[in-house]
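In what follows, chain A forms one complex with chain B and a second complex with chain C.
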Partner chain A sequence: MRAREEGKGMTIDNAPVTGDASTRRLGRIGDLFVRWSFLVPSIVLLVALLAYPIFYTIDISFSHFDIASFGADEWVGFENYREVMGDYRFWDSLKVTLIYLVVALPLQVVLGFGIAFLINAEWRGRGMIRALFIIPMVVAPVVAGGMWRMILDPLWGVMNYWLGFLGIGPLDWFGDPNLAMAAVIIIDTWRWTPFIVLIATAALLALPKDVFEAARIDGANWWSTLWSVAIPLLMPVIAATFVIRWLGAVKMFDIVLAATYGGPGKATNVVNLFIYEEAFRSLRFAESAAMAVIVLILTMVLTGLFLRGSRKLEDMF
Partner chain B sequence: MKRKNIGKMTRRRDLLAGMAGSLVMAAMPLVSAQAQEGLGTSDNPTEIRIIANEAFANTWQTLLVPEFNKAFPNVRVVFDGVPYTELLAKMMLDSTSPDPEYDVLLVDDPWVPQLAEIGALMDLKGDKVAALTEEGYDWDDFNAAPLAAGEWNGVQYAVPVRSNMLLRFYNRTLYKEAGLPEPTPAQTWNEFFADAGKLVRDSSGDGKDDRWAIDTYFVRESLTPTIWQSILNANGGSLLDDAGAPAFANDTGVASLEIHKRLLDYAPPGALGHGFSESLQAFRQGLVANMFNWGSVYKSTAVDPKSTTLTVDEVGIQVLPVGSAQAGTHRGIWIAGISSKTKKLEASWAFLQWLTSKQGESVNASLVGSFPARKSTLNGEPAEPWLGPVYETLQQAYEVAAKGKMWRIRSPKSDAAQQILADEVARGLAGQVSAKEALDTAATKIEKALK
Partner chain C sequence: MGTVQIRDVHKSYGPVEVLHGVSINIEDGEFVALVGPSGCGKSTLLRMIAGLEDISGGDIRIGDRVVNNIAPKDRDIAMVFQNYALYPHKNVRENMGFALRQRRVPRAEIDERVNDAARILGLEHLLERKPRALSGGQRQRVAMGRAIVRNPTVFLFDEPLSNLDAKLRVQMRSEIKELHQRLKTTTVYVTHDQIEAMTLADRVVVMNSGVIEQEGPPLELYDKPASLFVAAFIGSPPMNFLEGNLQNGTVLHLDDGTRLNLPVGDRKQRSRVTIGIRPEHFTVAPSGWPATVSVVEPTGSETQITARFAGHVVRVLSRGRTSVRPSDTIHLAFDQGHLHFFDPAPVPEVAKMEDVA
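And now, the complex of A and B:
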């Protein structure tokens, strides 16, 4: 009864309300239209540039790749995956990648934060040095690899010449498997440590000064301040930097291609180089796609674990 | 879930589209004539596009095309250089598109089967091309080994335009300084190693060796196995048997890989990372007495003062040392074919005919340093005096290669097989596995890859 009265009221007294509702509806539609008009180009771009290549790669990985039509041909299920899993070269390349990551990542993070801590003090020319730090990052990886190949070359390079003054060497940088891996790590560290230094410097500048002042008043020395104050405060940033750097390092390819070609033997044959060679030199696109998918899954799983770990660290500190 | 039907439908659709296109073309002869373009006119020149290795594409564009245009002024030739490692994949991608960009494909020695298999190349002895071939174009004048590089399953898909053979370069001055006689093409591997020990020496007297006996390919890359293979062939071995199965994982193969590895004992420090450029650099600087490299580098190694410290008098050239069967070499011919889908057949073939004619070969050799494949060019008066001994060696190398079948695997899967060899030979050379294990693994993998 009340509803009817209200209904009546609505029809008579609230005539303009209907207009408001339709206006609101129109407004909502307009709002939605505007939102989607902003979103659609991004979605289209993402689908075209990101999702399509990924799904195409997955599609190829489950197919026979027909060279004549240069496309996926016949569905073969997990055959390409079985083929890849049975290839010792794939496992070797994963192992090589793991060795590189296990050494290079902690080294770069420790060096990056260490350098940032050391240059954090106020001194003339600090801005200039920070600017210079950007240079290695903007050098193309292939150029960096080629340049370092010249520096480390046992016959023509200057590195052995300098090391000779210290009574070291001559070292066969590209002939010894361990030194070749060391060379790749040195080049990568030269390129990416400055990036970590820049992040760490910004993080250090953002730390609350009063905590450090309190530590100083309490008589904490340089080491105690670093260990008990700075590092715990920086831990979330360190963890986040590690994840960012991990995502970059796992793609290692071009430096190796330019510096060692994956050798000597297979000592620096990282998985991305192996995938590239199988695809574009051996023209085994389907098997390469299967390897790429496996690497993608491994990367996603490990990235997920690292992100979880970094969140835990954030909670702890 | 078979997709072959879809492929068939697409092909049928393409065929129908092609037929429809042909009808339209037939109905409009003027338009058709324009599309074919022939050899062009001064008002309407014909343009042909060539995909080639970037290592020499630019030089050919600058030096060879103007010479060609003296004879064919209305044909514009455009070279697109692509890095060697991406060249085959890019060619295949282009060739499989409905309307390929390139009219002429400059391909490396082992690629013809792969390109022929996808129908990318035209039969150069077929009716269409034969109708456009000049009467004086003598196919029989080509040496068998380089011409065979362009053939697959009895069809001639390409012609040799830059004939290259793996040869031994030696530095006469360093042999003299070491008190050794100049090597001859009859030198055996044992004799080579007997000299090698004396060629490694300290020339400056500072107590450190600064001259070495040899530099060549040792790095992990697809051309490194060609050194091992030339030793294998010289020892009477072969990559595949008559049935097409791997035949190198035996005592001959192992002994040949051991010889390749032994070269490292007499090579400069870091030689395990050396390939084409590094060995060339070391030889040009007079640091090594021998280099096994491609013959086409002779001009830049011995003639051109901008790129070398050596002179023609100092640099000797010959085939690789003699094994238990014969001397060694390896074929590395760049051959050119015409895209099966080109609309500019006449202009494309005009360019290739000119380039592979006696006159074109001569221009190519004197201006760019490319080697000829024709017997008449090799036996005739060379355009430059330094070419004389080089041509003599080249002729010998062609004969040695033809006799010992010294080339890479001929198969649509040859690149996969070569990459496997590169991986395993590299492991063997680096000492990560024994020569036997490396070759056994390579044989198993190649057998699977070639299926």
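And now, the complex of A and C:
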């Protein structure tokens, strides 16, 4: 958007002010050509990778799915929607996702900003620590899931070994429904907190120094500096981080796939895993598409509500 | 007692020393301006008084306490920052009352003091607004209000007017002066603008490269600059400098061969000398030396003429109006009693820069 505006501004500046009509026209066409040649690649990419799949999904969610042609067969209206809305397993999986969201998101945001606040202080070796924090992000989710599966293994996992020293356990991480959810949240938090730390570190560095100095002179202690100065100033970034992580978390499925596969029972069967299963194991593509569309709409509505709410929150502070 | 005593203060960042032993005694109720070009250490010194920077050597006393190791909040100072540093999410009332709330002052008293300060600064109708809904001048006033509310022994100002436009700057300048006359609180005011320093302060401290060049009442600095730097820095348009060889103490041979008979001699016996003449101490008179006019800038009450004279560019300020035009030849004489003699040195860049500003 910005690039486009700048591009526009530039061409206007360069356009010849004088000259006869034909050269001006030629200049205009050349101008349009340049403008669109910058836009077309990204439009093509967006259409191919985003718009087409979305409309394909919406299309088949209203149709009978023909497995032979792998496309929409016959328009059935809301029949697929009626069916999945009546499916308790869908609601159960939504509930699982909700539990995961409600616990994991605040945990990650608080941890992320907290750690950033700590490593933002001047001390030797903090560059090193910052670099180390990126590692979880570059580990493939499936590898992370597998790795944590080993760490949390009830019999020979290192987690239970350590907890043993504290007199806790042994815990059956993947056998107990609550612990399995905890395990998924731990893995997800391990993976995503560093990302928030990065954003938060950048945000903290960008904060105006003099406001904090004014707070020092005004006699604000650590707590009121954090609560009355830092957090309000960071509010927009916190809200944005929340939305980014919220969108990421709604579609989370890789970690569950690798670590628990939705188990035990259906305790960690998040909605995306459920949709995936329905589509690629049970081959109920039309119903899965309908569920995906429902999740999409839910996400959009909730995101909108959240953004509105966070703007209110910013005003409040 | 609002005295500030700065004794042989040094400041180093790692191996780099930026303040090389600065001493200033500030009396109770005095308004002192620290002025100098960017990087001269004036802001660093102010921040050391505030406690925002460590003191590498020497000591600073506020009242009768050495404050080197006292936290900023306990130094009984208030600071106004260049970018105002208001809390953006708090309204004006909360901004001004924040320090008192941190001190657990009773709410009724906070309200009273905030209202008093708001009345002094004309902010009463803005108390419920957030900083982003205020203009630059209003924000500046809130920042001052935040300082006043605390009733500190010392006010510290860090280039408070440099973000305002020219007109507002002049207006706020007189408001600050009026405020000081009213409250009589000891004030240390940092600025790079010599006019601000001259007009506001009881005493001006000119700093350059981490040392004090000269300190004194504004007009004393103007009339008796101790160094070429101060001569060049104070005054706008800046002083003119002519360098040459001095013969018998009264005849100046400029490098292009021009000979000037000086009405007064140099007290030090120098052979090579730079003389300084303020623009208003030139007079256009038929008996003077010839100069070629290059620019004429009338401002109404006075006219600034830039002319070429003996290989130098000189600025002449004459009261009233003139019919002189570019490329005319005029004759310049200088005022008898207002010649300044300096050891020859390159004229500091600041003098040239100030001219632009």
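We adopt the following convention: the second predicted complex is superposed on the first by the 290 of 317 C-alpha atoms of A that agree within 3 Å, B and C clash if a C-alpha of one lies under 4 Å from a C-alpha of the other, contacts with A are read in each partner's own complex, and residues count from 1 in each chain.
The working rule: a contact is a pair of C-beta atoms (placed from the backbone, for glycine too) under 8 Å apart; a residue touches a chain by one contact, two chains touch by 3 or more.
None of these values were measured; they are calculated from a predicted model.
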{"item": "Fit or clash - chain C, chain B, common chain A", "value": "fit"}
{"item": "Which of chain B and chain C A:263 touches, first, second, both or neither", "value": "first"}
{"item": "Chain C versus chain B, contacts on chain A by residue", "value": "B"}
{"item": "Contacts of A:66 with chain B and chain C, given as first, second, both or neither", "value": "first"}
{"item": "Which of chain B and chain C A:224 touches, first, second, both or neither", "value": "second"}
{"item": "Which superposed partner A:95 touches (first chain B, second chain C, both, neither)", "value": "neither"}
{"item": "Partner chain(s) touched by A:208 [first = chain B, second = chain C, both, neither]", "value": "second"}
{"item": "Chain B versus chain C as contact partner of A:130, first or second or both or neither", "value": "neither"}
{"item": "Where chain B and chain C come nearest after superposition, their Cα distance in Å", "value": "49"}
{"item": "Contact set on chain A toward chain B in their complex", "value": "63, 66-70, 72-75, 89, 153-156, 170, 172-175, 177, 180, 260-267, 269, 277-284"}
{"item": "Chain A to chain C touching residues, read off their complex", "value": "208, 210-211, 213-221, 224, 228-229, 232-233, 235, 314, 317"}
{"item": "List of chain B residues in touch with chain A within their complex", "value": "1-4, 7, 85-86, 88-89, 92-93, 96, 114, 117-119, 219-222, 268-273, 275, 278, 281-282, 287, 412, 415-416, 419-420, 423, 426-427, 429-432, 449"}
{"item": "Footprint of chain A on chain C - complex, ascending", "value": "50-52, 71-74, 77-79, 81-83, 85-90, 98-99, 102-103, 146, 150"}
